[in-house]
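Both complexes shown next keep chain A, but they swap its partner, so chain B is in the first and chain C is in the second.
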Partner chain A sequence: MGRYLARRLAQAVFVLWAAFTVAFALLYLLPSDPVAIMLDSGGEGTFVDPEQRAELTARYGLDEPVHVQYLTMLADAARGDFGVSISTGAPVRSMIVEALPETLELAGTALVLALVLGAGTALAATYTRRPWLRQLLLALPPLGVSVPTFWTGLLLLQLVSFRWGLLPAMGDDGVRALVLPAITLALPTAAVIAQVLAKSLALTWSEPYIGTARAKGVSRSGILLGHAARNAAIPVLTLVGVTVGNLVAGSVIVETVFSRAGIGRLTQAAVGAQDIPVVQGLVVLAAVIFVVVNLAVDLVYPLVDPRITRARTLAVAS
Partner chain B sequence: MTELITPVAPAPPGGPAEPVPAAERRDRGLVRRLLRPGLVVAIAVVSVALLWAFVPGWFTGHDPITGVPAQNLRPPGADHWFGTDHLGRDLFARVVHGSALSLQAALIAVLIGLLAGSTIGLLSGFAGGAVDDVLMRVVDVLLAIPGLLLSLAVVTVLGFGTVNVAVAVGVASVATFARVMRGEVLRVRQATYIEAAFASGVRWTGVLRRHVLPNSAGPVVVLAALEFGQAILAVSALSFLGFGAAPPAPEWGSLISEGRNHLATSWWLTTLPGLVVIAVVLATSRISRALGGDGSTTW
Partner chain C sequence: MVSLDASPPVLDVRDLRVSYRGRGRVVEAVRGVSLRVDPGEVVALVGESGSGKSTTAHAVLGLLPPGGTVDGGRVHIAGQDVTGWPDRRLRAVRGLRAGLVPQDPTVSLNPVRRVGHQVAEALRAHGLADRRTAAARSVELLDEVGLPDPATRARQYPHELSGGMRQRVLIAIALACRPDLVIADEPTSGLDVTVQKHVLDQFDRLTGERGAAVLFVTHDLGVAADRARRIVVMRHGVIVEDGPAAQVLGTPRHDYTRRLIAAAPSLTSARLRPRAAHATPSPPLVVARDLVKEFRLPAGRRLRAVDGVSFEIARGTTFALVGESGSGKSTTARLVARLTTPGAGTLEFDGQDLGRLRGPAVRRLRARLQLVYQNPYGSLDPRLAVEDVVAEPLTAFGAGSRAERRARVAELLDLVALPAGTARRRPPELSGGQRQRVAIARAVALRPDLLILDEPVSALDVSVQAQILQLLAGLQSDLGLTYLFISHDLAVVRQVSDIVGVMRHGRLVETGTADQVFTAPRHEYTAELLDAIPGRTHR
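Let's look at the complex of A and B:
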């Protein structure tokens, strides 16, 4: 157990470091001039005072050699300091910490919805004996991944909020305001989950133990839920590890459509103002989410399938 | 009984009638697969979208940029198929003319992903050892960061505009291409003909170019077709956020975004361009499935 934890921790630290480094390479090493970007964000044709320029360059340490910049920033980041935002001057960390709860609430609700919708579709498609119904249900996921998220959101707004007046169109107070954004965010994820689970169920369905269960007289729903679903759930669990990060990233669009505050709006504003420190902080946040969720998923594997021990989880992961 | 146990097994095609030579049977199967209604519709949709991009004048006589202010916010009708926007511009004309920018951006994105990704995958899979380890760890990290966020980070540095958005979407797809390419190269490298080529003294560049690349390109091409649809979605999402084409240039994502201000009154401004995007994306994914040799799709 101790060795397992140590190894997991080392892996987590590696992913975080690598994400930080990739973000640094993208944001600071690409042939661009961060200071020019920072000064330019005010508007077109801003006059750039050379003195102001030099001052900014020195303040962000951009006059140092690249490796010194990198190491300084890495040391700061290791202590949880991601610098200050160029457009607001506030510390990046407190901006992210402030925006995070709203988005986690949205992404969490969306994840639950996506699991329910996705698993429901796949189970129903496997359970039904009517070919036309199965075809119909299996045609839904490919449709779901082909629909732009922002379009779904706008369509829901149009019908549910404006036409029928059922739910509030914008804002972020209360459960009622959470319904439409969560559905919008959940649909593409639900489609992917349904696709993976339906395929996995179809594979499991041809296993000999399903035939055995049937021969022993277990009902169709009993086989599906008691024998097939649990074995087919492993690929879905792996998928969830990737999905949570995508949900948080997807909040960029959903929070823009529904005018909610959160990480998504912060991202949109940061990219719009070309606020490099904030964007770097957000990339590292995505890596943190990835690491935490995957650790949780790894701990759940043995609960779903006792054949998977911790040692084997590691072997699969690496 | 067997049928109950494996309900997903497809019925044997044709039936056990008179024996047909294998080649002929394969041809017939191919023809039948190509004539599946879904695939025919998909090819038609993509062809029309491409024609829109190259010869928009064939499809609409209206001007996409300057409108008739007196005719603003008209619902869809015989004269304006998709209605008009707040400046009296014909929405159908804007969608038709917008396909050039949208498809071009998606194409750039896929080409970047395809070229960079398959180069990395090819090197990684062929060289093996430490090169493979390092490259694949980088790819793993890129896969851990959500694609949309990665694209946004690239846009932050490159600035706004359709081409920059296209590059950003392409960069985000490099890792996926690299993964698939590497997997294929690893499979091909085991083959006896690779060993034979090395044994007969072909240099490694020759083996790579003449034997490994042609034999491992298939799944990557299928992925490229699939990614084309996803790139259309990603490009339109970034345009929707306001980082793409500057107004008044028409682009599918920004068209939908412009309709936001008239959501309560003019449903057509967001709904119809969105339906066009969905149709094209669905069509590309159907074609990609056909390219992948998936015969199990019955439509």
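Let's look at the complex of A and C:
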């Protein structure tokens, strides 16, 4: 176990380094001039004092050769220092730390909702003996996947907030303000989970051990929950690891639609302003989230299926 | 049939009809079967694949696969008419009145639940125990079916148990509620003969003690002969013969039963081919000396799959390697085929040291040494036409022009007694026996010296098995082939081999002529294997 974790941590460090490096290469080697952006506050054609320009360039270390810039930033990043924002001047780290709880709350609620909705739909579709009901339930996920998040958000706002006045339309205080954005963010993920789990359950249902359980006289719900669900869960677990990325990406849209503060809004603003240090910090944050979630998923596999040992997970992963 | 017993039969099936619907077709799998099992009686339901025997057994408990429907007939279990009962109501019968021992122990237990839980569930489903008493009772049941250290086993997962142990667990599940009837559906298919014997002996004893009646579904007349008092023979969805075991086996009335008995290798011992002349002056075709093959296991351990094996195969003869799963017989075959290289020891083929062959020489060797695998469903590319499958080795070695190759394919198909029309068909359209003929035609296409036959008939029904063995015997005489025949089935080996080698744990424990090994085994393991062959009592 100790050796396994050590290897996984080494892998995680490598992934983070790669994410940092690729982001650096893309952001700094692209034809974009951060200093010009900083000085461009007055709109196109503002006069720029060459002295001021040189001073700024030196302060951000942009006059150094690329590899020195890279190594300096990497060393800073390793200490958790991503520099200061070009547009606000605030440290990147404190900007992210401030925005993170809001988004974690939103994404976490959305993930739980997605699991409940998705698994519920798949289990109900497998349990029912009425063909029309099964068809109806199985038609929902493709619908959920194909509807864009911003549209769902706007529709919910229109109906629940404006017409019925049940829940607040915007803001980020209180549980009531969390409901609509969380649902909006959860729906596409719930749809994918429902699709994968329903398919997996259907395959599991034809396994011989299901026949053994039926021959024992176990009830249909007992077979579904006690035998089929756990065997069908592995693909869903794999999916959750991938889905967390979608939730982070989806938060950009949802936080904009519902005017919530958070990582999504921060990302949107930073990209819009070409605030390179902030974008760089956000890329590394996304990589950290990904690595942590997938490590957690890998550690859960053996708990769900005793045939999967940690060593084998690693062999499959590498 | 008149029963003198006053109590009602535990199973009474009358005029049962079952069909499968799928892809616009309706297949009538069971066409009017009437069957009766009296209390405490053991009845064997025998038939080949597609005869409807398993469908009958499953229909009785309402456990047909999707697409299967009962079209007519009545089913009484323990005097109760359960015809047309919905699933919810049948639940009270399943497990409680009639237990089922399913076919394949390796896939019939839930891989993610502990063994003890799965046994306990059978009791809890019928309210015969609560959580705590069920756990204790399941350990007792595992003990009764002969699992060593049952308390530990109960806490293990199915993959930590051997196939034989898993089948014992499934028997414990079927017997948990002390049902009046146990339906055993090919309960030991896929298990080694010695394991099969032990498991079935235990099963017989337990059902006997409890006075449970047994409907024993099997394709193996030998097993039926050993275990059942009455034998019912099914073919194409109907019962063709039903009577006391001794009568069905001794004086069968139906032609099909006679053919089935004639084809069952465990019930006959006739050799298919006159023994090869032993005075051949030529040197042996294959000489193996002290072969060793090791495999690396996780955690730095090593498995010696082949451990110092030596043998010779004379030209034109059949050398059979017999053993149970894990004995190293298939690895030995792969070494001879040079699909893998030995860690130590030498192999000579026609005087050449195989270990020294490199590059083109290995390729030339391939033409003289061909393989036929166990599973004709997996060894033929389903997308190629049969003629392309057979022509593949010819093309690979650039033998002849296109027209010549076509002529050779026709000749080969004729040689393995396949109709010329087969050439343009694809493997999935063919039966198992036909596919194995295609595989044999492909193997002999380049006129090899040695055929390595790895369990060539184990996946086939007995009557088809007999035909393929006949074909192989004929080809051996006509083409002067030498066979290395790998099998777990001693009865089959007896029919075809000249020299027999018995393998166990990677070692060749005994080698001798077929007669000597079968009539006067020197090693105790050989004796144990022979004793485990089903159907000995009726031979």
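Things worth noting here:
Everything that follows uses one rule, which is that the second predicted complex is superposed on the first by the 309 of 318 C-alpha atoms of A that agree within 3 Å, B and C clash if a C-alpha of one lies under 4 Å from a C-alpha of the other, contacts with A are read in each partner's own complex, and residues count from 1 in each chain.
Heads up, the rule we're going with is that contacts are C-beta pairs under 8 Å (C-beta built on N, C-alpha and C of every residue); 3 or more make two chains touch, one makes a residue touch a chain.
Here the structure is a predicted model, which means the values were calculated and not measured.
Of the two partner chains placed by superposition, only chain C is touched by A:N231; chain B is not.
Touch criterion met: A:G211 reaches chain B and chain C at once. In the overlay built on the shared chain, the residue A:R8 is in contact with neither chain B nor chain C.
Counted by residues of chain A touched, the larger count belongs to B, out of chain B and chain C.
Shared-chain residue A:D305: touches chain C; no touch with chain B. Touch criterion met: A:G222 reaches chain C, while chain B stays clear of it.
Common to the chain B and chain C interfaces on chain A are residues 206, 211, 214. Those residues of chain B that touch chain A in the complex are listed here as 4-8, 137-138, 140-150, 152-159, 229, 233, 236-237, 240-243, 253, 256-257, 259-260, 263-264, 267, 270-271, 274, 277-278, 281-282, 285, 298-299. Contact residues on chain A toward chain C in their complex (touch as defined above): 206-209, 211-220, 222, 226-227, 230-231, 304-307, 311.
Only residues 61, 63, 65-66, 87-88, 91-96, 99-100, 102-104, 107-113, 118, 121-122, 125-126, 157, 159, 170, 173-174, 176, 298 of chain C touch chain A when the two sit together in their complex. By the touch criterion stated above, chain A contacts chain B in their complex at residues 15, 18-19, 22-23, 26-27, 30, 32, 37, 129, 135, 139, 142-143, 145-151, 154-155, 157-158, 162, 202, 205-206, 210-211, 214, 242, 245-246, 248-250, 252-253, 256-257, 267-268, 270-272, 274-276, 279-280, 282-283, 286-287, 290.
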